[in-house]
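Below are two complexes that have chain A in common, paired first with chain B and then with chain C.
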Partner chain A sequence: MASTETLRRPASGFRISRKMLPYVLSLPALLVCIGILIPFFTAVIYSFQRYRLSQPWARQFNWGENYLNFITDPAFWNTLKVSLLYAGLTVTLELLLGLGIALLLQRRSTVNNFISIMLLLPLMIAPALAALMWKLMTNPSFGILSYLASLIGLHDFRWASSPDTALLTVVLVDIWVYTPFIMILLLAGLRSLPTQPFEAAALDGVPRSFVFFRITLPMLTPYILTATLFRLLDSIQQFDIIYAMTQGGPGNTLTVFQVEAYLNFFQSTNVGRSAALLIILWAITYTLSNVFIKNWLRLRERARGEA
Partner chain B sequence: MYEKEKDLISAFLRGEVDRRGMLKGLGAAGLTVGTAGTLFNMMSTQALAADFDWKAHSGKKLKLLLNKHPYADAMIANLQTFKDLTGIDVTYDVFPEDVYFDKVTAALSSGSTEYDAFMTGAYMTWTYGPAGWITDLKEWINDPAKTNPQYAWDDFLPGVKNSCAWNGQPGGALGSDDAKQWCIPWGYEQNNLSFNQAMFDKAGVSVPKNLDELSVAAAKLTKDVGGGVYGIGVRGSRSWATIHPGFLSGYANFGQKDLNVGADGKLSAAMNTADSKAFHAKWVSMIQESGPKDWSTYTWYQVGTDLGAGASAMIYDADILGYFMNGGDNKMAGKLAYAPFAANPAASAPTPNIWIWSLAMSNFSRDKDATWYFLQWATGLEHAIFGATKMDFVNPVRASVWKDEIFRERLNKSYPGYVEMHDVSAPGAKIHFTAQPLFFDVTTEWAATLQKMVAKQVPVDEGLDQLAESINRQLQEAGLG
Partner chain C sequence: MDTMSPLERTLRGLALTLVVVFFMFPIFWIFLMSFQTNETILAIPPSIVFSPTLSNYAALITGKLQTAAGTLDIAFMSNLGNSIFLSVASVAVSLVLGVPAAYAFARHKFRGSEDIAFTLLSFRFAPPLLVLLPLTQYFQWLGLSNTYLGLIWVYQLICLPLILWIVRGYFEDISADVEYAYRIAGHSWFATFRKIALPLAGPGIAAAGLLAFIFAWNNFVFALVLASADKQPVTVGALAFVTSSGIQYGQIAAAIVLSVTPTLALALYAQRYLVEGLSLGAVKG
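Right after this comes the complex of A and B.
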């Protein structure tokens, strides 16, 4: 009783009316939103301008011209294609691997706990550093991976320096860094699933594949969706691994959105084009997020028996 | 005490005695090196201060933005001299080159007053100048009240000095009468051959004299040296930095240009001419046959370290890379040689495109006069001599330093052939690009196209036509074409 009274009447005597309380409580969130929204709307305005820092006299609103130029620009369509391909490949492969490892480590034991902690180590390394490490390991002259590739007959394998294998190489690095993230999320999910359905299936002698596809996977879907959403948003915005390894090359092989936008701003100082690229990237991530969140909510409702 | 010795140093500083004569005199007087050095610094400071009020801004503070580089190291090692001379306090931030220009762009585009002066390349001033981020330094250079009479602006190598001056008109000639001096050259790089003499001897290869011979020599070195050594190191990353060193030096030697400047001042792509296509074809073929396997990721760093480690037999790149790889802990230290290089057999001399590390003044500096005091000291003769003779400040940009016998002797002793290489190619050394605001767009796309050609994603002819079409479209969009 005494503690409730303290909350209502603070020692300082400062009172907040019941009507104002919701606004006061949401003020920090509002401030954070303003901090995000101001740069966002500034970028939107820039994206509708012809704005190069090196030609300040030519700065003017060109409205949708930056966006319209993308339609006829093969470089933009290449960027869109590479970004989606990179995101699709990394998320799919990381999901499969992460799920496989999580299933192997599902049973609690000292060894499994130790392995799961060890597997998290790549996640502790800054992606740019991981990329540099892989750049050395894949050096065609002295890299250990090039040497191992030569042992299986892949002589003169050029990894990130060949347009044929550059995507594969950066996807490998991404998998190495981020698979543990998916693994740890799914492992947490697996270990939190109720045991009764599995015990019942075991008593009835249900085959393992049936248990996996009809019990484990459906119950794990919310976790899979969450992990996929996080990784997809991150992958489609990939910068550090690709830039550190190839700067977007060879040619235009890996000019994903962030690399292209970065080069447009910092090298070409073409603020208008850079902002337009980032707004398109935002629209893609926003759409993907909505799709995933809606599905996640639908699944949650179904699990509660509300749908 | 030491009056005779002081007289001797004063005579040297007045130009009445040459450096060798001064050192002989000091030696004959029985002075130790340390004492002579102290006396020399003292007298230099007095000479600098003789006709100029270096203390005019005493008590003020400046902050510099520096790239991690031997030039910056030399300046930092001598910075106390400036502080003692002027009473100005100087602090600095040093960033590695990978992120340095991003930091500069961020600081300048935000109008930050944090930095008064910074290191830059001349190409970057084609963005910074028109954007209003840096100051035209002619106002200070031409003001006798603000510039030390001994500054000797005419002592700077003309090709280098002019390369830092542009009138801001797209396609405008560098160093024209109406040009603005956006930065002061500090140190510069020519692009020539640095090679491993022992590998050349082993393969029975002589120094190539033109691009055809270079391709043949590189192929023979790749084939005959063995141990995975490749013949020719050149840059290949998807960056403007791939175009400006050996590539453009050779390209310019054939009289080829990046852009045409029309009579109406409009720009258009010039890299799809027949001669340009022939040059590109030879260049691409040379890399395919004799370049590093992962050429498309090669920056100056990989090109240099491969030569220093004995992984490559030769580089056509910045001469100072050959200089630095010939010393220190490098495996090939002391085994490298140098040669000037004219790619075109019909050319009378090399025409190296140059990279110039320069110093520029931020337009947002709170005290431009004090900043100019730093700039004129850092680019002055005394500091250039200090850097060239006591540190690794190569290549100096002042003619008098190149005439300095001690400097030449030091280079000839430890880096045989370096001085001759410099002297042969220096007359043709300048920036061969067209000055214009889309420099980084043009050169980055050019590098990406080279990568496609080397990877055989596109034939040379078709690749250059596509490049020219794309560049022309971008120039038109920017109102330049």
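Right after this comes the complex of A and C.
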């Protein structure tokens, strides 16, 4: 009797701890994050309130008014337009450029590996600092790029300080920072493709364009989708580059969602409008991220399967 | 593939050269600029031949800048210190929180485990200002505004999902049989975790930590919203340089060089793991 007793006790203790163990292990991480979920719900509440920091006494629920006002608010439509334009331009150009570079570097060789590592460096520079670097290079009085522009006849080309070229300039900085991201993902994808289809195509003398469009691209699609969605999610909420470069200016040329929300909160102290803007942005990114996660999981399973 | 015509070879070489020039030139140019005085920077046409000076770095490191108007104090070294402290502490905290959680998610399929893991992942993709702006008010009530503790907490938004998902993948790659064998030999759960699982996933944990460090270091918006001058990291500090009067362009360049060197060095060191880290474990390099 005594012996079974002593045997059973650790066994049952073991069972309980085994059941509780995963909860105990993940609880601390969870608690830290719950602290972050509370402000999220606060933001939802703010977005349904008339709330200005300058007039705290007038704070009250106005329900959907912040959102309804957007319909007739040209500033909101400008924000939406600039955000979509920025995200569309950067992601398209980065995808084309990244795919091109990945194809150039596809073959494993010392030179190609060295170049692919070098090209990663811009990605490792803080976007805000990258914007600062480009700001120094496009300075009208001494910037090397302003000088080069004047050599090809573009005198007084004002880069980020002119409303006509500001978007172009920040898109250029974004391309400089983030093209390596797409490049490295697609390069890893290209190098992991099975070789048999390509060997078979080479034996049959299939034209190169056919190989690219009918074999390479379809097999690379999961990687392209994941990289594109990943970038799209980041790009639609770009803040660092634009804020560091122009603070949303000149005028309202570059007031993308997060920049506009930041300025609304700290400059015009309109908390309600700022929160409503961010909730709309969140709705966009939430939808995108659900599509993204599906693709990402498929790719992840494949990578784990190969391991 | 090997049958490239000379023309194609030349074109490929040319295209690659253009790519390398585009991506490397800004780094090279800012590096040069950091060794120049205002006179050589402002010279037209710009020249890469000049007598280099260390005066920009000297001014940043001593924190004293001699100008015609007198001595100017530069707090850049404290920004650099803040960056180091915030990044190291944030990564340490998220390793302590994230590695056990990653182990739990990899080894046990418990109720709600996937939901929790995906909720953590979704933080990576939500607009940071959505949380940050209400948080400024909560931090005032809690007395956390402009404290390292508050910042480190918020930095978990970047570090924790990264560590959780990468390290989870590494734990999943380890066969559970080794752990069972060790458990059957009479060792406790904790001993198994410490002596078997942790060492086997060690390289992955180190890589995830390095990447989380890079992302924490490069973060801009958290400190912009939540920290004032004495707690700001280099990303925010360097921006303030541009607007402050009396600072010379060479010093801005030198500050940028000092700010990006740690992440560039770490990236080169951990480049083998970058692909996996950047894709949150979805693609293996």
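Please note the rule applied: the second predicted complex is superposed on the first by the 253 of 307 C-alpha atoms of A that agree within 3 Å, B and C clash if a C-alpha of one lies under 4 Å from a C-alpha of the other, contacts with A are read in each partner's own complex, and residues count from 1 in each chain.
Everything that follows uses one rule, which is that a residue touches a chain if its C-beta (ideal position, glycine included) is under 8 Å from a C-beta of that chain, and two chains touch if they have at least 3 such contacts.
Just so it is clear, the model here is predicted, and its values are computed rather than measured.
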Which of chain B and chain C A:K135 touches, first, second, both or neither: both
Which of chain B and chain C A:T269 touches, first, second, both or neither: first
Most chain A residues touched (candidates chain B, chain C): C
Touched partner set for A:L225, first chain B, second chain C, both or neither: neither
First (chain B), second (chain C), both or neither touched by A:L185: second
Chain C-contacting residues of chain A that also contact chain B: 135, 139, 141
Footprint of chain A on chain C - complex, ascending: 1, 12, 15-16, 19-20, 22-24, 26-27, 29-30, 33, 41-42, 44-46, 96-98, 100-101, 103-105, 107-108, 110, 113, 116, 118-123, 125-135, 137-138, 153-154, 156-157, 160, 164, 169, 172-173, 189, 214, 217-221, 224-225, 234-236, 238-239, 242, 249, 252-253, 256, 259-260, 263-264, 266-268, 271, 274-275, 278-285
Interfacial residue positions of chain B with respect to chain A in the complex: 101-102, 105, 109, 126-127, 130-132, 228, 237-240, 292-297, 311, 437-438, 440-441, 444, 447-449, 451-452, 454-455, 457, 470, 477-479
Of all residues in chain A, those that touch chain B in their complex: 52-58, 69, 75, 135, 139-141, 156, 158-163, 245-252, 263, 266-270
Of chain A, residues touching chain C in the complex: 17-18, 21-23, 25-26, 28-30, 32-33, 35-36, 38-40, 42-43, 46, 100-101, 104-105, 107, 115, 117-130, 132-137, 139, 141-142, 144, 147, 176, 179-181, 184-185, 188-189, 192, 202, 223, 226, 230, 233, 237, 239-240, 243-244, 257-258, 261-262, 265, 271, 274-275, 278-279, 281-282, 285-286, 288-289, 292-293, 296-297, 299-300, 303-304, 306-307
